[in-house]
Every structure is written in structure tokens, then in C-alpha cells.
């Protein structure tokens, strides 16, 4: 990003943050431009991780190169003292940025172990970004194949919600059917079993954890899309446990199908594939996003918090509410909202498993992504720049004595 | 780079700086880890540009992957309160770094417009880093070709001095002959002509500027290597001007050969090539670095400043002199020094053209590159993170209406 | 404050802030100890205004010099990595601090224009601190006079609440009667009249604003103390307006007495004084603080917010609630809470006049004043370091041509 | 100091630093105004200790209240982008500052143990400020007494040089005679004896240290003022040691008189007083400052460095030399220079005792004190904000069991 110093930019209101593709908690909050006149005007800012960048979101949402450049130009990088916005095109950077991203706009075609084609293109995380692969890749696939499967994970409360409310809305996509992937182990975990004890059979815990799955099913159905549950089989799962899940799903009027693709490859998911194709062909989908464009921004947040997270309320101080109103006044009121929330819970508390109710969703910060076309809503303690764990994976990665890389997994 | 928080690191003495491959003056001097306990301990640091990174230097100086990993492990990333060093291997990062650089260690083979093979591999700038391509590329080339030509530019006072004193010393290379590239325009500029007036014939200015070239010739000869001057012909150069350069070079007992490769391709440098091959075959080189390993560090700096820059003295306060002595005591006394100095002048003042004498070389900072194997000596106002000009090139780069990139040149 | 560098202080958890006796918004949030090893370890901190200092609170709450020194030693200045506290006495500073405050502990005896004795001693603001004059002054006065009147203002929701809940609780004081000072102008303002229009008679607005006064009366009564309202007469007040206030107060079963001390001196408040003395002698007071020592800290905050501010709820994220619980576990649970809140409204929104209900009280930060003996609870946008207005008063203060100071008022 | 935000102040060029009357190394270099829009524009700055403030210097140099206000208004607090200065009067602060200092301008009259009157007024340190008491006090004393003695210490290279070159020049004072105070112990220390061994007789060391005293004598004489040396007697001094000092001084054509005022009061300095009065009455003084107003600023610095410190050269990089030239161009060329240098040595190295020659004086920074009327020249490692020692004196100060203060000495 290239700054000019004039243009009446208010240095306190520069909203553009740098990004780096590495977890580095030290870069979250910093003061730059110290050391004297030639280093510029000191200001407080921070780095985000690359996947949380608005540029990544734009790459994934742009229809073509021209749209990419237009969106890059739409980015609001700062405000003046009078709070009028300064766009990326005002500093003349969008052209060079589009040129830099020229090759990145081409979807990467890869193949699975069984030689099925797949696009891997775009990487916004679903917890801190909008979580979907690129519109270009999806549209290309739709032009090439009869059935296109896309992944939108990190919890259906995050990945699916954003896929439906942001990507489908923006790109005019209408999904025919949704597959929710569940595991027996996850049910047990949501049922209160500690990680170390997940190997032992515990039907009761499975049953206790199922409401978490139930809520995902209800949530996805609330978008008008038929749902199938895929039980991703793990070698230690017992039949009784699998049955417990199936029974629970059936009790909600849905169907759960056991999948053994890890062990058996595509043969292991024939049942699922057949059922999904049936549903897709059956034209049962009555897809609609959860909220309309013209709902006020704060109500959009409340709608997601109440209907998807089942929170009682959204907590936001006057500063945040006023900021949303200012954006509405500036013409950004029709944008969808992109929630940044922990992937470990329906709530903002990573330790709150199961299907919690009566919790509240505190909003820490809101950020305008005018180029991507949404408002980022940062909830709870979630960070847009992760930190490293006590023992970073990098400490295990090295060449072994045969010169081969080890420690990657 | 991945930090653990224990190990008794003194946060004030963390010497490792992050790098970014972009000119960004705002990142030169900063305070990071603000914002509370979870973001770590606040400290003052800065970014360098990637080409100034010790990792880049190590990549260029490593003999092979094992040497690369060893050198990465040798990097001193911080000190304890008792001033004992903490190496990169103490934090367990060298293995992952070596793995990341695995592919980067392979020299890139490219071809010229006339299909001659060339390696382009490694990019340390000669003003703020050691300025040479990789040892791996050079060794590979020496194994493949009869004559290997390498580029070590940005002024022979920088590029050639470091090629001889650092790369040749480290890699055991013995150059047979050196070509100094000169232009009539550069002579005129050193003779005091303004940039806008370089087009007009001005033999007197050429003659006035030649002592700058003369000093480069003397400097390179002082390493015991035969010298040929290549006059890189520009269409506006007049015969009288070219003759003036030739005469001046001849007066120093050397030879200047006119080269027209820009206009005529390889045909335009046949004379030069023939002469260089003759000299190389003639075994006239008595190459030796300018200073021995066992000279004290500060004397090494003085030797370069006096014999190459022709400075009267080196200015360094007690803190810097003591730092050098501490490194000598810690076993780093045998390392060569890598000067960081403006490429625009023999002195540290970018405006001082020609062949200045009686100037002084102020040292602002010294940095230990224990992995690369040298001491960086930062002189005058040179920055290891450049800034952007008033109108950055990026503002001109964009797709034109035909979808082609324009503005790159 | 004098820091040693060892003692295992966690630099991120130094809680002690410096103070300066000047409004200076620039000092609210800063990074200090930059510039290298000899300037210490960089850390983020800030200045408060002197009146918000725990030292000021301790001066006002200490019984004598020995108690002063003990309380100064009790101050928690930082925490270790394991979150154990470091007290002021651990760094050996309390002795020197007590010596410095030796003279400051003596109450200042001044006299009124009519030569009545008065102590002016101690200056914690009632919005950001506990708002009462010193215990030493009050106890001295109680030993010298038959009736002691003390001022605890900035809104009875702040001054009176803290006088009762903090100072009376700590010093074992039992107030006999409370005088609430009201003005016709303030009623009009709370009734919605703009500042410029306060001069015109507006009985309706007075009536509309009276519920603000009514709530103060109820609040003070809830501490079990008899209440008299003193109407501080302003020359533009009309009889109808004064009567409106009197009627309103009477309707609540209390009495309002017109006071003309500004115009007439003590003669103007004879009625009030007589009534207050009657009430004091009548022994009607059944004083008790609003909450018991053993109520959990968060409930104490809720109690004040609901019963005094009439808020629906207190908003506090998990970090703040956990901090309160940690202090309870560390033995600070029995402390009272000292609310920092705007003096312009019962709510945390300075613009919300009258007697608002159904508002919420967001807590931004909590600070332990272990020496003073309370927990500071910072609500809404209130700052412990004020800023200067657009045109600071200092710009008007100067010597005039006669050498006299002008511009003070 | 009260900032307005407009006036085109370049935030990077605000030169005004805050002060605090406490040693606090953490405040030397900081970034303030963090935390968001309402806290202002982030910038790097620092605190000085109060005695180094330009306000303190102005108080000491002002002729009267009107002059005080004028000088306060002359302070340059910042620069614009075009480098034009912004004065204190541009922000309208000088009036209020003068009012605040009104009482401080009155000299404090105190008395000695023998009831002689003395003014104690103004406290700029002689190492980091101009080191003299107030002009007002001196002029008042000159109007009241026959002989006025003033103290200008911290080494005659600092205190006397500044008294002569700054205060006498500014206030038109003409000193009649100078007393240089010496101790046998100081001679021994300069002769290389360690602090712990100063008690033992060591005539040789005294003789070895005397050249330090000799240089002070020469220096003071070079201002044209007659010199007497006062030997401040210490109980452990031996006659042989005292004689050694006397002999040395005599060998330079001056006189040393033994003084026993510590033990005997004024009786102990009768000899000195008589001799001083004789010299003062004898009109031997031909006082002149060391340099003229119209000497270029850098030459003034060189003159002091060479003639007083006996340095070989002054080291200053281009930035500092250019800054001095800019101030000359802006009309500040006639100001004297106020050196900030360690008081422990004639050189900038605190460890270099005796009478060193051939050292160099590195200048780290220059600051314009346009109100005080001089340029501060910061040499070597001297700090304008001191730090505390490992064991601050404050740790020993406390009330003892009798309630008396102990630990002050």
C-alpha cells in the first residue's frame, strides 16, 4: 500500500491495516513511523493476518479483473477530519494492486487422489473473514460440471451463514442442497467428554451432544435449503454411537448418512452422493438469505446473533452503534455483515460447548470493507491476527538425515 | 521468526528485525506488542526491506542446504541481560526456515535475448547489503562454463569491494579480471553537469568527471585484479567525448573499450569480450582481499574508508567502538565488514560527486550478522528500509483498455 | 514512584500510572521507556490527573500518619507473571511518600467572608474519584464544633453516594441530616431548556425537570438520612418557579427552603440552618450504607447502578467480571466500589438529562485501589485524565496593563 | 502547555517537551496520544527534568515580569511543515504562564547559620542547563550589598563558563574576582586514587591531580578575571597535602587559601574573604566573554570545546551543522551556546579524570531556547532527564519510631 502524505488524511483515522501471512501477536497493536521527520507521522495501527485482509475478500468476491479493480478502488483506506472517506482510488493504488493480483485471479485446478477435478482458490478464514472460496472458481465450475460441491466450514454458524448471506447474495447463487458434516467424536465433545477420553464408547454423551448438531440443522434449514447430514466415520466410532446420531437426526425430520471416504475413497460416500444428487435434482430448495439488504445494520447483526447463535442480545456501546449509523448515512446500509467470532462455540465464549442459549454477543469493533462489500463485526475476544501456541509447529519442521522434510504433521 | 517468551531474553536487546519486500518508511522505527498482556511485551523495533535481511545474505553465501541450516542457526536474534547471545537455533527456528528456503536455494537459469545462459539468483542490494549473487550460482556456473561473468555493481566502491572482501574471501573465489562499466553521461554528471543537460556535447565536463572513474580503477587494481574499462555507449555520446574517456583511462595505464551492445547485441561487445578473455587466460591476477581476517574490526572499517572511499577518518562514538570490541571478545573478530553507504558518492554525502577527499565517514550503527558471517556497518544517513518517492511508480501501473499492463517503465 | 527492575515484575501488568496536575489528553495513553537499553523496558501506560490518584484518595481516607504510611504501602503497583501482586512496600517507596505528604496531612483552616472557620483539605473529584474531603479534617471538625457541614457534590448520585458508601463506611461517620442543593435553573435545564434560554420564566419546564431532583431526594433517603432541599436562589428566579419547586418537594414528603446566601450572606440561610439543626438534634437519622461489605463486587456495582442510577443493567465483558472475581479470591472482596461516571446524567450518557430509566451502565475498566480501600469502576466514556476545551481558559489569563491578573473568571 | 490542534503545526516537529521534577528514565523517550481520535495525534516526545526546562532558564534570566512574559512568548514550541517556527505566543500560553510564575519571580531571602542574608532563587543545573541563580536575585543583591558572592558550580568548566558567557553577557554583569573551590580529596581523586582510599595521606596523588585544578585556574583567568583558590578543608587532610596544593597554585602565579568554614564558620574564611575583598576593590578585572555574539554558532561551540575543555575537535554530523545554519539564517545566530556535558570530566567521558587533552566532543543534539536566549548543545551521553541509581535515596527515607524523618542524608 502506497501512501501519499497530503490529501488531508486524518492520521488518527487511517483504517487500512497492513497484513502479513504469519501468526504474530506482537504485530496486533503498534505505533509506527517513529524516529523523526523522515519516517513520517507517528500513528497507532496493526497488522492482520493475510486471510483476514479485505484484498483477499475482494479477490474471492470479484466477478472478473475489471470488477476486481473497481472493488480495490472502492476500499476506504482512511477518513479526513470531516469524516469524509478516502478511497484506495484517491491514492491511485488500485491499478497496481489489480496488476499484482492478475495471476492470482486464475482459479487453481487441482485433482483429488481419485483424479476428480477441484478448484482450490482463495483463502479467507470463516472465523475472521467471509470464509468462502472465490466466486470466479464457483462460476467456472458451474459452467463445467453438472453438480458443484463447495466447502464453507468452520462451523455452519460461521461458514454456512456467510456462504448464504454474503457469497450467494452477492453472486446470485442458489444452492440446491446442503450437507452438514458431523462426527461422533464432535458429538461426544459437545456432550462434555474430554479430548483424551473420546476413544471410549459413550452413547449417552453422543446423545447429550447432539443438540449442537440439531441447531446447525435448524439453522441451515432456516435458509430454505434441504439438509443431509454426513457422518464422517472414524475408526473408533461404534455402531451404537452412529445409530444414536442417526436417530437424533431422524427425530428432527432429516436424514443422516454414514460416510467412509477416509477409509474407502469415493466408494464410501456413494450413498451420500446419490441422496444429495436426488435432492438437488428434486428442486426442493427455496433459498433466501436470512435478512434483506434494507434492514438496518445493527438489526442484521441482531438477526444473526438471535437466529443463528441463539443469543439473547447483542452488546454494543454507543460508539459502535453510532459508527454503524454513520455508515448507513454514507450509503453503506445495504451491505451484509460479516461476523468475526470464535469457531469453538455458538457463543463468543470458546469454552461454551453444546447449544447454549441466553448468552450475549459483545461487539468489540466494526470495520467497513467497502470494496469487498460488507461490514466486519468483531465479536468477543476473537483476533484478526492470531498468535502462536506455546510450542509452534515450526520447531518440529526440519530436514532429517536423509534430506527429507519432517515435522509437517 | 517465532518467539518463545522465556529463555531469559532481554526484550530491550532483541536484535532481530522483521522484513517486508516493499518500501515503507513508516515501518523503520516502531513499537510493537501494545494492547495488553495477550499481545506480549512492548518493545521498539523496525522492519528492513527483504534484500537487507540476513536471511537473504545467508541464502547467497551458503554452500549447500546443510550450510544454509547451520548459518540460519548461527543468527544472533537477541541477547540476555548478561549480554550473552541467543541464537536462532536456541529458539528452534532454523529447521523450518531451511525447509522454507529449500526451493529458493536452486539457482534460476534464465537466458538472454541471444539465448546465452545466465543465473539470476539472490538479491542483496550492494548499498545496504553485501550485493552479490549466490555462491551456489557462481560455483554451478564455474562448473559449467569456461568463462563466468558476474555482476557486482552499485558503484565499484560498494559492489566490487564487497564481492572481493566478502564473497571471494568466503567462497575461495579468485577473479581473473574485472570490467568497470563507465558511461560518458556519468562522467559528465561527475563533472558537474545537471541531469537535464547531459544530452549536449561537453568534453570538458567529461574530463572533469573522469577522476571518479580513475579512482574506481585504482580501487579495483588495489585488489590485485587486472582492469578493463567498458564504455557503455549511449546514442548521444560524441566521438570526442568517448575519446576523452579513452585518453584518460590510457593515462592511468589501463584500457577503455567502446561497447555498443544496447544497439548491436553481442556483436557490439566483441572487442571487450576478446580482451577480457585474453586477460583471464593470461593469468595476470594476483587477487588478495584488502584486509586480513585478523585485523581488528574497527581497523577493517578504517581500511575501507581510507583506501576505497579516501576518507580522512571514521567517526564512531564510544558505544559503537565498544560494541565492536565486545563482538571481538565474543569470537566474531575475524569476520569481514559489510559497509552500508549511499551509492551516489564515494563519501556518505549523496550530493558529493567526483572523487572527494578529506571527508569523514560517520558510523550510525553496527549490526552483527553471525549467520551470514559479517558485521554490517551503517554509515551516514543510509536506510535499511527505503521510502517511496513523492510519486510512487505504482500510481502509473494499471491495465489499459486492451487489458494489457502499462506503466511498468 | 521509584522502580527497581528486578522483583519479577511483569512489565505488562504494571498498574501504577503517573499523575500530573493538568488536563492533558495526550498523556492518557502512551508508550514509555523507548530509546534503548538505558531507558528501561518499553511499556504502555498513561497519566491520570492528580485528583484521580490513589495517593489523593489515601490522603483523604487516612486516619493519621501511621495509617497513611500503611495505606501507601498497601498500594498494588504491579503484578508478577503468576499474577501475585507487588505492593508499594515491596519496592520500598511508602516511607518516602509518607514523608513527602507529612505537611499535606495537616488540614488547611480557612475562613469564610463572615469569618466562619472551614477546612479545605483534599481534592478527589467526585466523578472520577471518591469525591470527599479528608477524614482527618472531618474528625478534627467534629472535635471542635457542634455542627459540622461537609460538601460532597457533583451530583448526589456521585458525591453523596460515595460519601455514604465509602467515607462514612470507612471512617465510622453517621450523618444526621443531608441538604440537597437545587436551583431553579437546573430544574429548567433538566426540563429541556437550552442554556441560553434559562433567564426567561418557564414554570412548566421547572415542573418537567423536578423529577431529577426527586430522584436525588429518594436516593439520599434510601441511606436512611433525613433530607432538606436548599433552593439556591438566583436573581432571575421568579416566585412562581420557586413555588413550583417547593410544591414538588412537598409532594414527596420533604421540605424545600429558599436560600439567599449569595445575596445576603449567612442571613439568607437562617431558615435552612435552623431546620437542619432541628433535624440533626432530632436524631432522626437511621443511616446505613447501601450495600454490605460481604456482597460480591459485581453485585455492589449492580446495586448502585440499579438503585441510584436506576439503570436496567450493568454491561461488563468476561475480562472485567473475571478480574473482579480474582480480586475477591485475593481478599479484596470486602472493599466498596468507587464509580467513575459522568456528572451530567444519572446514566453514562452526558446528554441524557432528567430522570432516565431503562438505560444500561457499560463498564470499561476496573482498577484496584488497595491502599485507599476501594475498587474504581470506570463507566461509559468518562476519562481519568480530562482534556482541554477548544479554547482553554489559560488563553485568557494574563497580566493587564496595570500589572493585575485578569481572565481568571 | 496547552495545544491547539490547528495552526498547521507539523506534529513531527513539535520541539516542546514536558517536564517533571523527578528522575525518571522511563520518560526520556515516549510516544503519546495513543488510544484513538479523542486522545489526539500520536507523536514521539519525552520529558526533561524541571531544572532543564527552558522555563526555568527564562525565570533565571528575565529582568522583570514584563521581560518574563516576553521571553515566554518567544519560546519556539514547534515548526510548520515549511519549517517556520510557532512561538508560545502563537498558541496564547505566555500570559497564563507568566501569571503562574508571578510569585516564583520573587527572590527567596534566606539566612545562613550566622544570620547572613542570602538569596536562593532558581535552579538550573550547570551540567544540563545554564547553571546560574536568577538575574533578579543578583541585581537585587547588588543593589543591597557592598560585595555580592554568587555560586556557579558543578566544575568551573560548566558553571563558571556559563556564568561568564551567558549570564554576565545577558545581564551586563562584570565580576571582579573569582574564587575556585578545591579540595585535597578531589585532587587525590583526579590523581587516580579510588574513593575508598581517599582518607589516607598521599601527597604524590595530590600533586598528580593538581593539573585538573590548574586548568580551571587557566580557564577562569582566560575570561580576564583575577582568581583565588579556596581550599575547602576536610578533617582528614594533612598539612603536607595542603601544602602541595598551595605550592602548585603558587607555581601558576595564583594564591590558594585554606578555609575552615565547615568547622569554624565565618571565622574559618576570614583570610579568604579579606583577600577577595582586596582583589575586588583593586579593580583588576578585565572581564570579557570568551567569544563575541557574531561568531558563527558552530565556532562558538568549537571555541568552548578547545579553549575550556581542551578538546582537539568537535564531532557533529551534517544534520546538526545544518540545523545550526538554519537557526543562523532565522536570526538566532547571535545567541550564546549552553553546553550540556558531564560534570565529571573536562571531556564528555565521565571516567576521564585529570586534565585530558586530544579528546573529541561529540554533539548528539542541539535545541533552540529562543525565550531563554541560547542554544543548548547536548554532548556525549549526558541526559536531560536523569535516572535513579540502583538503590534510590527514597528507599531510606521514612518516619522512625519517634515520628521523625530519617534517611535524608
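By letter and in written order, the chains are A, B, C and D; residue numbering begins at 1 in each of them.
The rule is short, and it goes like this: a residue touches a chain if its C-beta (ideal position, glycine included) is under 8 Å from a C-beta of that chain, and two chains touch if they have at least 3 such contacts.
None of the values given here were measured: they were computed from a predicted structure.
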Taking each chain's centre as the mean of its C-alpha atoms, give the chain farthest from chain B. C
Please decide if copies chain C and chain D contact each other with the same set of residue positions, more than half shared, or with different positions, and reply same or different. same
Taking each chain's centre as the mean of its CA atoms, how far is chain B from chain C in angstrom? 65
Rounded to a whole Å, what is the gap between the Cα centroids of chain C and chain D? 44
Per the centroid of Cα atoms for each chain, what is the distance between chain A and chain C, given in Å? 47
Chain D residues counted as touching two or more neighbouring chains: 31, 34-36, 40, 44
Partner chain D, residues of chain A touching it in the complex: 10-13, 31, 34-37, 40-44
Going by the contact rule set out above, which residues of chain A touch chain C in the complex? 31, 34, 315, 317-319, 349, 362, 380-381
Within the complex, chain A is touched by chain B residues 2-4, 20, 25-36, 38-40, 44, 46, 65, 69, 91-96, 98-99, 102, 387-388, 390, 392-399, 403, 405, 407
